[in-house]
Amino acid sequence: MNILEVTGLTKKFGGLYANTNINMNIEKNSITAVIGPNGAGKTTFFNMITAVYKPTSGDILLNGKSLVGLKPHQVTKFGIARTFQNIRLFHDLTVLDNVLVGMHHHLKSSWVGALFQMPRTRHAEENAKKEAYRLLEYVGLAELLNESAGNLSYGAQRRLEIARAIAAKPKVLLLDEPAAGMNPKETKKLTDLIHDMRTKLDITIVLIEHDMKLVMEISDFIYVLDHGEEIASGKPDDIRNNPRVIEAYLGKGAVANG
Amino acid sequence: MKSKKIVSLITTAALAFGIISGCSSSKDGSSGSDGKQVIKIATQSPLSGGSATLGEAIKLGAQMAISDQKKAFAKKGFDLQLVPYDDQADPKKGVSNAQQIGSDKSILGIIGHLNSGVTIPASEIYEKNQLAMISPAATATDVTDRGLKVVNRICARDDFQGPAGAEFAVNTLKAKKIFIIQDKTAYGSGLAEAFRDAAKKLGADIVGYEGITVGEKDFNGVVGQAASKKPDLIYFGGVYAEGGLIIKQARDKGLDIPIMGGDALDSSSTVQIAGDSVKNVYLSSVAGDVTKVEAGKKFADAYKAKFNKNVESYSSYGYDATGILLKAIMSAIDKNDGKLPTREAVSQAVRTIKDYQGIINKVGFDDKGDNKFAKVFIFKFDKAEYPAVQQKAISK
Amino acid sequence: MLAHIIQTLPQVIVDGLTLGVVYAVVAIGYTMVYGILELINFAHGEIFMSGAFIGTTVLLILSSVGFLSSVPAILAFIIIIVIASIATGFLGMGIERVAYRPLRNAPKLITLITAIGVSFLLQDIVRFIAELKTGNYIVSAPSLFNEKIHLKTSSILPQFGDALFKSSFLVVLIVAIIMLIVLDFFVNRTKWGMAMRAVAQDRETASLMSINVNKVISVTFFVGSALGGATGVLFMVQYGSIDPYIGFILGIKAFTAAVLGGIGNIRGAMVGGLLIGLLEMFAAANLSTITHGAFGAEYKDIFAFAILIAVLIFKPEGLFGKAVVEKV
Amino acid sequence: MRKLVDLFSKNKKAQLLLFIVYVAVSSLSLILAQQSVVAFLLLLFSILLLYFLKLSTKAKWIIGLVIVAVLIPFSASQGQAYESYMDVATLVGIYCAMALGLNIVVGFAGLLDLGFIAFFAVGAYTYGIFASAQASKFLHFGHFPLSGESFWIFILIGGIVAAIFGILLGIPVLRVKGDYLAIVTLGFGEIIRIIFNNLDKPVNITNGSMGIASIAPPKIFGIVIANASQFYYVALAIFLVVVYIVTRLEHSKIGRAWKAIRDNEIAGQAMGIPLVKTKLIAFAIGASFSGMMGVVFAAKQTYIDATSFTLLESTTILVMVLLGGMGSVPGVILGAAVVTILNLQVLTEVSNWLNQLNTNGVISIPDALSPAKMQRFIFGLLLILFALYRPKGLIPAKNQKYDVNKLKKSTTKSVFVEPQVSNDKKASGGSEI
């Protein structure tokens, strides 16, 4: 069953096509990778799904419901959360607060309730904090809960972004280059985490990644973009040997020359 | 973490210390340097801002009066001092200063303010402290119409000055079509409205009534509009900073008609800004030309000698207002067997003054605190020189 | 009503142009700095004001030594404007060096607040000096160009009235146009201008291309501030009376002009400035005629601010700017 | 020496003792030397010391309340300067509340607002118009002025009207960002001021530049509140309510959302924060504090006109927030207190003192240098110095620390799975996964 369906998605900036007619079907509880050389329009694609950009044409369906025209925060409410290529944490907030912000849309705590310390609000807040703490334990940042997010190391920041995204209880999680800048050991742990999220948290994962080893290892399905167009799709093994993909990455002639 | 805290503590402490050491001046001053009892007179007028020239004149006039009478008070065993406050023409600052003045018990009276908008809220505080206030310049009707016991003024009210100006404009200058510009301040609007209503009654046609923004320099839009209406007189309700420029820009537009203004144009700065264009400008002032009378000439010379400045319109009024206050204090001292009188006694004594001969005109307060003998004087600039030439003195 | 508006139109245009060119040149200072640093240099209005004061000081000194009477006014004027613009140019550079450069990587909010601080500081320093020297912070300068010129616009169209102005208007207009042309040439045709545009596009890449970014920013501040200072002198020559607070509101209106034209776009700032000047003058002259006295000239400033808000909301890229998409 | 300091900073009893001695000495000296501004300021300073003491928050609150509500008024009331001190203290309360309001907008939500004084004006005019004869000039029903008893309702109404203005401003303005927002709010502030100054025609609502005089003073149980010493308690009460609201909100969902969009707007949105709503709430709540205090201000002054609501005032409040520390509640209160006292008491006092020296011929200082005139200079310098060297202010904002042990004791079943096995301690060091 497809959880996320994208049909004919196109984005035009001025006269420039960043994405042209992209079609995707993402199966529930799968791990899908979107790859392609720099400037292929991968992040633009993510931005359209999360409503940061409005598509020029085409449709995005989550469980059969269209997301086009929604505001970014509404998309999150529908069940899509994401991380960012250039880490976007709330630097001056603590690690735990970052995760609590992730729970924003499902946290039953109105500001009026907070003002009068209504029992319901207090209860909700207490529970949220405990759950946030568990999430931190889950990604391995529990010890740093009171640290400012901006003070964390690079790898820890990436993990915090993931924890924050899971806190939003997404059905689909979009990871934008989660392994960028990580050493092999860190990448290995990340691989485990992604697998774990899929199996234990029942989250469908879509990721953009340049680390081919990681991509080939964890993806169930791969889409390849180049110059904003979808040039190939298939199982990791199909993609590995696809001449168009190799050409896109290495340039024309690479295939012929061997 | 700890060191940060200490740094922040030290910074705060340093700042606080700076503040505290800054005001190490103790207000404790009930006895003067040579054991005499201190009597202080406060002035409140704008010493900074757009009408500083006028406010400064009030202060210097008061200073003059105080140094003139210091000896007389010393004989009775009192040390007379002046405390000038700067109200910045800001009501909030004026009220805050008023509270401080109220708390300094050696202050027995206030000379000020210049602006009616500041006078009104500040006088509420004076009333509570029973502190006599004499304004040389606040012309708005609301100043005395609220019926406060301590509020007095020696200048004419807007509803006297405005109509007096209108009368002169319509009857003497024969203006039929009048264009009015005002500066959208309490002073300018009040005066311009009073002028407009009176001029209408006298049969003049008001061809325009426009507002400008204080602080700007380009009034060509409004002046151009005036020029297109072809009036025989332009009236401006506002202060010299804008008035001077309006005069200049009107002349540049070929408007050689008479331009008329209120007492806030009665300043050397008007001439300085407008230059040669000031010719054929009339103004109504609540203060007369000091050089017309013998006493005034003497005053002007003494003023020049003391401060190295020429007299401004409010110099003599500041002097007179202080003179009245000091006279009232003196009589209160005498009534109190030579001892320091209460504030209440002083404010009562001020109100009972019925016939004080000031430099130019007489002062006597009615039961609201207005000067029964207040006059409005009409001046005309014949050349680019201050003061202007007095044309007429109008009394009620 | 319409006949009256048309009749006064030539005069309104002349007056509006005077104010408009002042706005235009000041707006360029904002636009240049914003284009290169993405910073609203709040202090730019004060640089304009400082220019006016420096110009007046030089003028007063020249006239006190009797120089003015011995040379033609235009020569004195050129000397004054050159001195004032060089001085303000260095002032602008200094401000950048001391107050903005250390904060280049700090949050925008902080830099903006520093700019407001610099602006206050300059106002008060100038006020202090002026009061110390003259006893009054409103300073009047002797006029240099005083001939009245009668423009027979009525001969073009019978509905028009005539326009009257002083020769200083022509001087202001011509000098401003010369400055605009020279600046346009400088930015588009010279090496420094090219470097400036490169830094404005992408500071990091420009620095990789062996452009000395700090130097380029300094030059930008120098040029922008010198223009601002020179405009201050023009203002002084035209209106003859200045005070330390002329820069703030004028600066905001000039900024409005820069936004209207599309911030970062020099030609846009020129057009924006002229438009704002003309609109303001038109509003001051005709508002009460149009509304039958309900709203008078005192509402003209609301016009400037309302335009600003409307432009920012509906067309934030301005009349001539390009829309920018934030990178995610 | 260092050891001694360390020891002292840990010893609660010694601190408390010293603090009590300090408070006793300063209040005694105020009682004895009534005219001494220094004693008054020293007593105020004790609140700051209290903040740095190592006591429980509750104890600090109680001690602080006693000092502010009882000790300060009592010590000051023994002499003639009473009303003057209380006037300054009232204004401190008013400005603190306003600065806390601006702090929500600037400090928490990161939206630079340069027209904040507009909301103060809205509050002041709301009460001013109806509590004077002004309202009868355009309303042809009802009986005006309303009595002083209506003041208490008007505090609420003023807050609500200001909040509505905040939202009205917010809706269009929030489409612009950063610097543009600053300049648009500045324009908005000016527009409000110009309109208030001109709205005597076509309909006379604000009495234009003539201002509104004879505003009814508040009344309660038949007592007319007219003195600064009485207004002090009104301002104090509102201030305490404001502090309560701000601290509650700061550590709630909305507070986190404000800070989140301040730090990163796009990520905030992606985490499900509705941008417009969150920003509008910040504007509305910030504005309402200002509006409430506007009502108090109008009642205290009994006269208002548009000159009290200039751009300089907006900037002054911004200086308070920046000086104290953006986003830091205690910092902002300190900033507001310092700036207000500096402005109203210290600069005036120093000017008078210098003037005295001048007239006595001790020193000769030109009038232009009078400190009362140097307000802009001092503010400008403070803004620059603090932005350059201490951008986080006198008391930097701190994040709330969570107690790990409390969080661990989980009673409810998590909606998320139990922790992974791989959660070893090394990993949490953050250097590797």
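The letters A, B, C and D name the chains in turn, as written, and every chain counts its residues from 1.
To be clear about the criterion, a contact is a pair of C-beta atoms (placed from the backbone, for glycine too) under 8 Å apart; a residue touches a chain by one contact, two chains touch by 3 or more.
All values reported here derive from a predicted model rather than from experimental measurement.
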Greatest separation from chain C - chain, by CA centre: A
Chain whose Cα centroid lies nearest the overall Cα centroid: D
Chain centre separation (chain A, chain B; CA means) in Å: 71
Distance from chain D to chain A - Cα centre to Cα centre, in angstrom: 41
Whole-Å gap separating chain A and chain C, where each centre is the average of the chain's CA atoms: 48
Centroid distance [mean C-alpha coordinates] between chain D and chain B, Å: 35
Interface hub residues of chain C, defined as touching at least two other chains: 293, 296, 298, 301, 328
Touching two or more other chains - residue numbers and ranges from chain B: 184, 211
Where chain A touches two or more other chains, by residue: 52, 84
Chain A - residues contacting chain D, complex: 50, 52, 71-74, 76-77, 81-82, 84, 88-94, 96-97, 100-102, 104-107, 109-111, 114-115, 117, 121, 125, 127, 129-135, 137-138, 140-146, 148, 152-153, 155-156, 159, 164-166, 168-169, 182-183, 185-190, 192-193, 196, 200-201
Chain D residues within the chain B interface of the complex: 33, 35-38, 41-42, 45, 48, 52, 80-85, 87-88, 91, 197-198, 200, 208-211, 213-214, 226-228, 301-305, 307-308, 334, 338, 341-342, 344-346, 348-353, 355-356, 359, 367, 370, 372-373, 390, 394-396
Contact set on chain C toward chain D in their complex: 34, 38-40, 99, 102-103, 106-114, 116-125, 127-128, 131-132, 248, 252, 255-256, 259, 293-296, 298-299, 301-302, 305-306, 308-309, 312-313, 316, 326, 328
Chain B residues touching chain D - in the complex, by the definition given at the top: 4-5, 8-9, 11-12, 15-16, 19-20, 22-29, 47-48, 56, 63, 81-86, 88-93, 95-97, 99-100, 102-105, 117, 120-121, 124, 128-129, 140, 142, 146, 184-186, 188-190, 211
Interfacial residue positions of chain B with respect to chain C in the complex: 50, 52-53, 184, 208-213, 215-222, 224-225, 227-228, 241, 244-245, 248, 252-254, 269, 272-273, 275, 309
